[in-house]
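Structure record follows, encoded as structure tokens.
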Amino acid sequence: MQRIGVFICWCGSNIAATVDVKKVAETIKSEPGVVYSENYQYMCSENGQQLIKQAIKEHNLTGIVVGSCSPRMHEATFRKTAEAAGLNPYMVEIANIREHCSWIHKDMDEATEKAIVLVRTAIAKVKLNAPLQAGESPVVKRALVIGGGIAGIQAALDIADAGFEVDIVEKNATIGGRMAQLDKTFPTLDCSACILTPKMVDCAQHEKIDILSYSEVEEVKGFVGNFNVKIRRKARYVDETKCTGCKICMEKCPSKKGLNTFNMGLNNRPAIHIPFAQAIPNVAVIDPEQCIKLKTGKCGICQKFCGAGAIDYEQKDTFVEREYGAIVVATGFKPIALDNFNEYGYAENKDVITSLELERLMNAAGPTDGVLLRPSDGKHPKVITFIQCVGSRDTSGCGKPYCSKICCMYTAKHAMLIREKYPDTEVHVFYIDVRTPGKNYDEFYRRAVEQYGVDYIKGMVGKVYNENGKLMVQGSNLIDNEQITIESDLVVLATAIEPEPSIRKVATLLTASIDTNNFLTESHAKLRPVESPTAGVYLAGVCQGPKDIPETVSQASACAAKVIGLLAKDKLKTNPCVAVPDEMMCNGCSQCANVCAYGAITYVDKEFRLGGGKTEIRRVASVNPAVCQGCGACTVTCPSGTMDLKGFSSKQIMSEVEAICKK
Amino acid sequence: MKDVELKMLERAKQLLESGEVARVIGWKKGEFYFDPAPASFETVEELGDFVYNGFCGANLSKYLIQASKKEGKTAIFLKPCDSYSFNQLVKEHRIVRENIHVIAIECQGKLDIEKIKAQGISAVTEVEEEGESVTVSSLYGETKLNKAEILLGKCASCKGKTHQVKDEEIILHEMPAPINNRFDEVAKLEAMTEDERFAFWREQLQKCIRCNACRNVCPACSCVKCVFDNPASGIEAKANDDKFEEQLFHIIRAFHVAGRCTDCGECSRVCPQNIPLHLLNRKFIKDIDGLYGEFQAGETDNGKTPLTSYTESDVEPNNALGGEAK
Amino acid sequence: MTKEERIENIKRISGTDVRKCMKCGKCSGRCPAFKDMDIKPHQFVTMLGKGEIDKLLESKAIWNCLSCMACVERCPRGVAPAAVVEAIRDTVVRMQGKNGIKAEEIPPIVDELIPQQLLVSAYRKYNK
Amino acid sequence: MQEVTTKKKEFTPNIVAFCCNWCSYAGADLAGSSRLSYPANVKIIRVPCSCRVNPTFVLKAFQQGADGVILCGCHPGDCHYVTGNYYTRRRMALLFNFLNYMGIEKERTRVEWVSAAEGQRFSAVMNDFVKTITELGENKRLTDLRVKEGE
């Protein structure tokens, strides 16, 4: 006979304000099997846990139910509590009377009644719980970082410095990501390349880091500690081991009209190219869409001139398969397309540009060698108007509902740099709000206004149109309650950012959950912000939400710390809630193996006694508990009910159903 | 038909005498002409009772679950529709294929004694089939009947003359073409209102006496231990306590065989209460065909079933009503 | 009708949730009739939110609004300032006991492509 | 007629919601922490994956007096266990169709995909389902008579 103890938590007023916790504890006392029922202000506190431990010992409890917050919050806590008191940790069930009850109901009677049912349901389940032992699985001591921007670079360096091997998979021909495209960085105005390229070089030279550039993740199998990843190494038509990065091919290539994506398409590049001077690896790549040889079979000039003999037009995509213990996702972002924002005239006017394009126009390695010249006629713009929140904070469906977070700061940076370099330029900024939380951030913005005389206009632009070669920016000035039109030479749009579109595929491969804006979901918004709900998968940078460089780097290092913590272990405790077959009933029909996503089920021929001295050999299912992830797909496929799931057995769920339904 | 029977008997004798097989599974004479029963023959002497006539509707494949595990080879006579069940059982590793010798036999459609009796004929002594018509001899004389009217329910929706598996065949005459009408009755029910359907099934299922004949005869319902006999399943029930459990039993049974049921029709054939149980299984088959593409269980002896496979663009359950998608 | 009821009524007719406004001023930034309006498009939304409808009911701007819907089109938050202007205008007309246009005066076939608001508000203005 | 209407108003349905641990249960938690209310007659049973839900659980719920049963899982393609919800989708499509074929109202059964980020959606789905079931009235067709007698 089970001896159940019930512990009802007030969670301060979070539960107690809408659920009569004393009444719940009192009512539950008369439940069959319950020998102890108590309520307390904070069960998760030291004192609360002490109360549980004492009750377990004094009343010889065989199972406990804690009526508290979601099991996703404190199930682990209370399992440890039980274990400390000598009770098997799996003899604990949580009744979620906070998230699923007190927080969503207002009527006290109604909420109390529901709480009682929820606790009864948990009691019904715990009575059928059985002590479980966690198994073990080995940890592969190597990490995969998907994405070679600053987030991926930082995470890889930190993990590698701790002595673990790391592979960076980058879909582009070089690592560096968006940060490599930036000119200066706020709030200290360091040159972006000056602080990024040393880190890129560190990656290349680190003996523990392997950079797989121009590569994409194709397939992910396995689970935390034991991921098996198939990586596609796209054909770059240049032998990475031979290319010396001399760039003679770039000079000789006759097909020079490809859009230079690194410069946001503001100038052209040859079909064979190295994306930028500091690229890592410093190896050329051929754009097959642009290369005359690859398209027509004629040309081959680069091959002729390549002293290293690195050009290989026959190269094909290849695949490598590697094992990893942990995966960091750092896939980054892109500015949104502006198709839905005709009012700003981006498509019609060359001199309406995005902020990322401005970065390239201001960069010494950019298309204008760092001299600010406007794209249409190459002249110095005298009046520049910035428009903030282009596509951000937009719930109309045209843009993104969230704040892109970085635009206020980079716009202040741009305005300041322009006023610094070209004091004769007039700079206006249309803003809705200026958001500058962060160390030295507001000071930075105020400097733009106070020291550099940037004209900030509270209001939004309704229309940008071209009149006699001038860009007319019509907007409101809400402070003066006026409508104004500014004749400008250049208009810069602080375009919203969104996750890099390839994230969807990555998320699906990793079964990492994704939100409505395509940002990856973290395990807990506050307490587990760098972990994906999928064990062993960690999130760094904008793939998880908009953030600037300092934040991205912090998050990447946090990821690395989590990864190091994981890889430092030789073995992981595995979830004991796995499928278990009852051989006596198994038909050996193979249906369960057909639905198992992990290949955890195999079949063995086993001899069974039939009575009367006779035996029979039958094919029966066998589950590898280290591989089984405990989803339960097999349990439903099995017609005979041979397969059951520990911790979520059919009988347990049935009795929960009964407890809920009985009025 | 007599010539087929003779040929079968002759072949059975050969196989047993030569020791090629240890036993032959076929039909033996019953008390009357119209009630032959499945039987296993291990000696030539036993074959004295061997029979194959218009009343040999029983599907023999299920007997192989036990027989194929015994010492020596087993020969079995399979009608075209029985061969689907055979394949399904091989697919599920219930039959050791190497231990079986399949003799594909001719079938001209099997007869329903109840339907003959309903025509006012009793004490049937012999039946002579002649194409579309049947001459029934009884103690009281001879009557000519239209064969289509006295076919077994399952034969009225015949799956056709193709055996899905065979090691040899005894086919002496042309066999009938398939009759593609098996979803007609299901569609009729679907066209009713919910209330009408509920009333229909209430009336049918309340006749159920839980004799388990449907379960025992069904080649798909061949679990080592049935969930209804297993206390750990949470749905153990040996008898119908109330109205709900009649439904529960039949719903779960139908779900368990969904994607595996070959529509052999044995459940309805053996039901002593004449409940049209095949209409339950055919609903699943119709929905599977409609929602996930045509699928006939037992057509092959390998591969996945519709319920153990999926596509990324499958219809959403909330929109799947009527099985009309795709 | 009390003032509170009137405010609620105007909100209901306009179908606009004024609390969604984030005070960016894009509506006023785009308004072609801005100069002639004594109360600006964005103010219609904020003033309705504050319950200052007496000023709105007396405003001249309701007769200057072209009902071009540019403000509705451009609003990033799905707020419809023009619909608020429209609702105020409706209310004024009704308070005067008038209907801008009589039902029987509407031509039998109205071009489907003309937005209803445009048509109705045009009639109102030219009827004044 | 009057009586019938008043009686209908008093009816509060009993609803069992099976939620997968990774998406929908977390979505329900988010609905809670965002204080997005839905009626108290929805009670959630946590399962590791929607594919753990055996048709017998659904039938059992109805047998014991549930008026509606809803399964919630990760969106197809986002299953924590890679493919679990794809099987759920087929099983439940067939089962719910079949129950309807037996005369059970289709609206009593539902499958919804709710991600961990969709607290709003979870609340909306539950409100809608409760509304549907309330309008539909009590489940009589799949109730075990014995449970009633105990009342």
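The chains carry the letters A, B, C and D, assigned in the order they are written, with residues numbered from 1 in each.
Operating definition for what follows: a residue touches a chain if its C-beta (ideal position, glycine included) is under 8 Å from a C-beta of that chain, and two chains touch if they have at least 3 such contacts.
Owing to the predicted nature of the structure, the values given are computational and were not obtained by experimental measurement.
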Original post:
How many hops, at fewest, get you from subunit A to subunit D via touching chains?
Top reply: 1
Subject >> Per Cα centroids, the chain farthest from subunit C >> reply: B
Original post:
Given the two chain pairs A-C and B-D, which is bridged by the higher number of C-beta pairs in contact?
Top reply: B-D
Original post:
Any idea how many Å lie between the Cα centroids of subunit C and subunit D?
Top reply: 44
**OP:** Take the average of all CA coordinates in subunit B, do the same for subunit D, and state the distance between these two points in whole angstrom.
**Re:** 37
Subject >> Separation of mean Cα positions, subunit C and subunit B [Å, integer] >> reply: 74
Subject >> For subunit B, residues that touch 2 or more chains besides their own >> reply: 227, 233-235, 307-308
Subject >> In subunit D, residues with contacts to at least two other chains >> reply: 55-56, 60, 77, 83, 87, 91
Original post:
Where do chains touch, given as pairs?
Top reply: A-B, A-C, A-D, B-D
**OP:** Show which residues of subunit C lie in contact with subunit A when the two form their complex.
**Re:** 20, 22-31, 34-35, 40, 42-43, 70, 74-78
Original post:
Within the complex, which stretch of subunit B touches subunit D?
Top reply: 186, 189-190, 194-202, 227, 233-235, 241-245, 247-248, 251-252, 254-255, 258, 280, 283-284, 287-288, 291-292, 306-308, 310, 312, 314-318, 320-323
Subject >> Interface residues, subunit D side, partner subunit A - complex >> reply: 14, 16, 21-23, 25-26, 28-29, 31-33, 35-38, 40, 43-49, 51-57, 60-61, 64-66, 74, 77-84, 87, 91, 115-118, 123, 147, 151
**OP:** Would you pull the subunit A residues touching subunit B in the complex into a rising list?
**Re:** 582, 584-591, 594-595, 603, 616-619, 637, 639-641, 644, 650-651, 654-655
Subject >> List of subunit A residues in touch with subunit C within their complex >> reply: 343, 389, 393-399, 432-433, 458-463, 474-478, 481, 483
